[in-house]
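Both of the next two complexes hold chain A, though its partner changes from chain B to chain C.
This part shows the complex of A and B:
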C-alpha cells in the first residue's frame, strides 16, 4: 500500500497512543469508529450504474478524505465468435488517479492500480457471486459487465472504499430487458428471399409432433422498450463489503488515516458477503504488510471482522435504499409537482 | 445503453429553421457552466468544471521539488500534464491507457497552451504537476480541460499572466455555432480557441476537421468574443472562492463558535 513516509518517533508515538489505556487516536475516534461516509449513486448518467463514495470528508472545510468513483457499463458479447462467456461475465478494473498519490512515480502508480484491480476482480468475478440475469441468448449472446473504479484521492482505508463503491455501483445497475428474435423465411413460394421477424413464442408448423426437443432458433435480440433502463441486476444482497483490520497486537483498529497506516505493520482485509437466505460468507482475505501474526489469532480476528462487516453492510444497505427512494420516488414526486 | 439499429424517422437537425439547435440552444448560446473550486484530496489547487454534460476535474500540485532530477530546468519550472479519461465517460465504453497517443497529444496540447501563461521563471528547478481527470464527455472536452486547468492553477496560487479561456466553435453551412456537443462535433467542422481575455492574445487554436478559409475568420472572431464571456464566469467563481477562504471557512465558522459557547455554558 502506498503509504506516506513517517519518522520512527512519529510511528512510535502513534503506536504507543493506540496501545495505551484508553486508546487514543489523532482525531479523537475510538478504535472501532469509522469516519463519516458520504455516498451518492447515479453520478454517471451514461453508465448503467454508478456511485461516488467519500470516507472522512470534513464537512466544513471541504476536500480531503478517501474519494472513490465506481461505474458499471454493460456490453453485448458474442459467445460463439467473441470473448463472451455463456451466462455473462464480470470484469473489474481499478485506476488510481495521480492526484491521489502525488508522491508516486507513474510506474509505481500502475503497480498499485494493478494490485487493486486483481483484488477486486478476483473477488467480484467469482462464480458464487455471479448474477443470473446477464444472459441474453443462451450460447449466443451475453452481457459483459465492466466495473470501472477510479480512486480520486486517498486518505486511508482505500480498500474498504473500493468494495463499498463497487457494491453501490452494482446495486444501482440496471440491465436492459431484451427479447429474443427469430428470423423466419416467408412461406408460400412467391418471394422466398423475404424474411420477417417473428416472436419466439409462435409455433412453426414445420415441426413434427413427435419432436419434443425445444431448440432455440433465436439468432438476435431486440429491446422491447428503447427508453426503459431495465431491471435491476440480480443478486443485490450478495455483493461483498470489505473490512480492514489494522492489527496492532494485542488489539486491532478500523478505518486508519494515512499516518496510522504507515505506523501499522500488518493489515487484514476481509471481504464478506451477507446473503439474505444463507449464512454469511467470507469471499476474500488478504494479509498486507511486512508484519506477522500467529495463526491462532486469525480465527478470532475473522470472527470480530464479521461483526463489523455486518454493521457496515446494514448501514450501507440502508443508505442505498434511501438513495433509490431519493432518485426514483422523490424525483417523480418533484416532477409531478412542477 | 445498447446501440440498436433502430431507424429513426426524424433525423436530428443541427440548426433548424427557427434558429434552435438539437439541444434547444440558440446559435451563439453557450451551455450551462458549473464551476466548483472546492479542495480535492491533498492537491494545492483543484477545479471541477462542467460545460453542460461535459465534466472535467483538474488537480494541480506545485511548485514542488521535481520527482525526476533529469526533468528539471535550471531557470524555470517544469510543467507536467497528465490526462486520464474515465472508461465510462462516453456512451461506448472505451478504456484508454495513460500512454495512448491521443491522450499524450491532448496532454501536450494543454502543456503548450499554458507554458507561455504560467510565470515559470519564478520557480527554477521545480515542477508543477497538472492532473486532468475527464469524467464525462459530451463535446468540448479540450475547452473544459483548459478552463478547469486555469481555475485550478489560480486556486493553487500559481502566478499566471492572465486567465486562459477556451471555447469550441463550429460552422454549419455558413452559420457559426458555439460550444458544440458530441452530436454537433461529429457533424460539423469545428475549432477550439483559447484566449487570454485581458490582452486578447490567443494561446491555442486547434482544428482537426476541414474548414473553408472564408468561414474560419468568422468563427475565430466569435470564439474570441465567447472566451471573454467565459472569463466573466471564471472571475466570479474565483472571487467567490477567495471570499469564502479569506473569511475563514464561511458561515459554518460562526456556527461552530455558537456550539462551543453552548457547551461551555454546560460546564
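This part shows the complex of A and C:
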C-alpha cells in the first residue's frame, strides 16, 4: 500500500489524538469533517465528458491536495466482428502519475494503478449501472465508453476522489445523437449488377402490415446536425460515490490525510448509489489494510457510511448542477459574442 | 554593459523565467540562466547573484542547500553500516555517522562493535531527528551530528513542511510559545511542533539519559496542548501559503492574534480568516 514513512512517535501521536475525548486531528478537523473539495467539469475539450477534482487544496497555493482528473471518450465498436458487446460497454482505467507517489518504484506504482483500475472498473461496469443509451444499432454497432482517470497527486483519501471524479465525468458525458442509415436496392432494379449501386435512404419503406418480424436492416449510422454535443448519458443519478471509513476501533473518521492513513490499520470503502426512485444501493465494498474488525461492527459502519454517502452525494449533485448552469451560461455568452 | 544591470544597490534583483538579465558578451551564464541571442536570460524565478563574471539565479522554490552549522530536521530513510541516511529535503540524502551521535553510557565513550549491531535501537527508519550540519562530503552530501543534548530524536508532536526559503537564520531555532508548545524551525523547511519540555527536564551533561533521548514513546499530552499544537501547525500552514517568512516574532504575534480573535483551530485554514491573519501581521510590520 502506498504510505509515507512515519516515525513511531508520530504514529502514536496521531492515534492517541484520534482516540482522545474530544477527538482531535492534526489540522483541527473533527472526525467527520471533509477538507474543501473543488470540482470543475468540462476541462478536456476533446473528451465527451471530463472533470477535475481536488480535495484539500490549500488556498493561495499552486499545488497541494489530492488531485484527480477524469475523462470519458466514446468509441464506436462493431458488435458483429466481435470487437464490442451488444448494448455498449464501459471500460475504466486509472493511472497514477509518478509525481503523486515519488517514493514508489515503477512496479509498485503499476500495482497501485492496477488495484485502483480493478476497483473502479468492477464497480462502474456492473450491469446494474449500465446506461441504456450506449447502443447505436442493435446487434451491430455500439459505443464503448472509455473512462480514464489520472491521479495527479495524492494527499490522502484518493478513493473518494476517484469515484467523485468518475461520477462527475460520467455526469458530464454527452452521447452523440445518431440516426440509423439503411441501404436499399433501387426499386425496379432487377439486374444483379444494379444491386451494387445502392441508394442511401434513411426511411424505412415497403413494410407490409402483416410483417410482424421486426428485422432492422440498418447497417450504418450517421450523425445528424444537432444543437448540442449530444444527449446526456442515461442514468446520471445512478453513478456511485465512495466513502472511505478509516477505522480506528472503536471509532472511525473520514477524509484521512496521508499521515493519518499511514497510522490507521483498516479502511472500509463503500461505493453507494442513490437512485431517485428506489432505496440506496451498495455497489462495492473493500476492506484495505492489515487490521481486522468484528462482523457485527461492519453492519453499523455500513449504516453510518450510508448517511455520509448520502450527504456527499447530495453535495456533489448540487455542485454538478451548478457546473451545468455555469457552462451553459458560458456557452450562451460565447454565442452572443459571435 | 555595466554592473548596475545585474545588481541593484541595496536589495537583490528578482527575476521571472524568461527575463533578460544581461549581455552574454560581458558575463558568463551560471545556474538558472540560459543564453539566447547574445543575452543571458533567467530560466527560474529567483534572485540574481554575481560572482565576478558569472551570473546565476538562485531559485525561490528549490530544495534546501545546506551550509555548515545549519540546524535541520530530518527523517531516517535507511540504516547502513556505521551510518544512517537522512532525508533532509536536500538534493541528496544527508548522512549521520554512528560516530557523530551521543551514545548511552557517557558522552566520551568509544564506539564498540555492539553499538553497530544495535543501531536501530537508536534511530530506525522513519524516525525524525533534529541535528546540525557538520561537514560536507566530496559529492556534496551533508554530514550531520547530534552531539548536543539539544539534538536528537523527536517525539510528542507533529511535523510540517514549508518551502525552505521561508525559514530565516535566527539566533535560536528552538522557539517556545506561551501556549506550552515548542517549535523547532529546521532551516531545511521541516518544522517540528511539539509539547513544551521544561528546561530542567532535559538531562545535564552528566546524567545523559539514553532511555529518554532515544525513546519513541510519547508523554501524556493534555487536550489543550494538543489543540494548541494543531493551531500552531495551521498558522504555519497559512503563513507558508501566503509566503510569509517565519520568525519567532511573527509566529508569536500570529498566535496571539488567533487567540485574541478566538478563532477555532480548523477555521484558521479558511480563506477569509487566513487573509485577515496575514493582513493583520503585515500591516503591523510596516
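Assume the second predicted complex is superposed on the first by the 304 of 338 C-alpha atoms of A that agree within 3 Å, B and C clash if a C-alpha of one lies under 4 Å from a C-alpha of the other, contacts with A are read in each partner's own complex, and residues count from 1 in each chain.
We take it that contacts are C-beta pairs under 8 Å (C-beta built on N, C-alpha and C of every residue); 3 or more make two chains touch, one makes a residue touch a chain.
No experiment lies behind these values; they were computed from the predicted model shown.
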Give one word, clash or fit, describing how chain B and chain C relate on chain A after superposing. clash
Tell me the contact category for A:46 with respect to chain B and chain C: first, second, both or neither. first
Examine A:132 and indicate which partner it touches, taking first as chain B and second as chain C; both and neither are also allowed. neither
More residues of chain A in touch with chain C or with chain B? B
Just to be sure I read the superposition right, which of the two partners does A:291 touch: chain B = first, chain C = second, or both, or neither? neither
Check whether A:6 is in contact with chain B, with chain C, with both or with neither, and answer first, second, both or neither. second
Looking at A:25, would you say it contacts chain B, chain C, both, or neither? Reply first, second, both or neither. second
Identify the partner contact of A:71: answer first if only chain B is touched, second if only chain C is, both if each is, neither if none is. first
Given the touch rule stated above, what does A:17 touch, chain B (first), chain C (second), both, or neither? second
In the superposed view, which residues of chain A touch chain B and also chain C? 59-61
Taking the touch rule as given, give the residues of chain B at its contact with chain A in the complex, in rising order. 1-2, 4, 6, 38-43, 46, 53, 57, 59, 61, 67-68, 82, 84, 86-91, 93, 95, 98, 129, 131, 133, 135-136, 249-250, 252-253, 256
Going by the contact rule at the top, pick out the chain A residues touching chain C in the complex. 5-10, 12-14, 16-17, 20, 22, 24-30, 33, 58-61, 259
Where on chain A does chain B make contact in their complex? 44-48, 50, 59-65, 67, 69, 71-76, 93, 95, 97-100, 102, 105-106, 110, 146, 148, 150, 152-155, 176, 222-223, 226
Inside the complex, what are the residues of chain C that reach chain A? 75, 77, 125-128, 153-159, 216-218, 221, 223, 226-227, 230-231, 233-234, 237, 241-242, 264-269, 271, 274
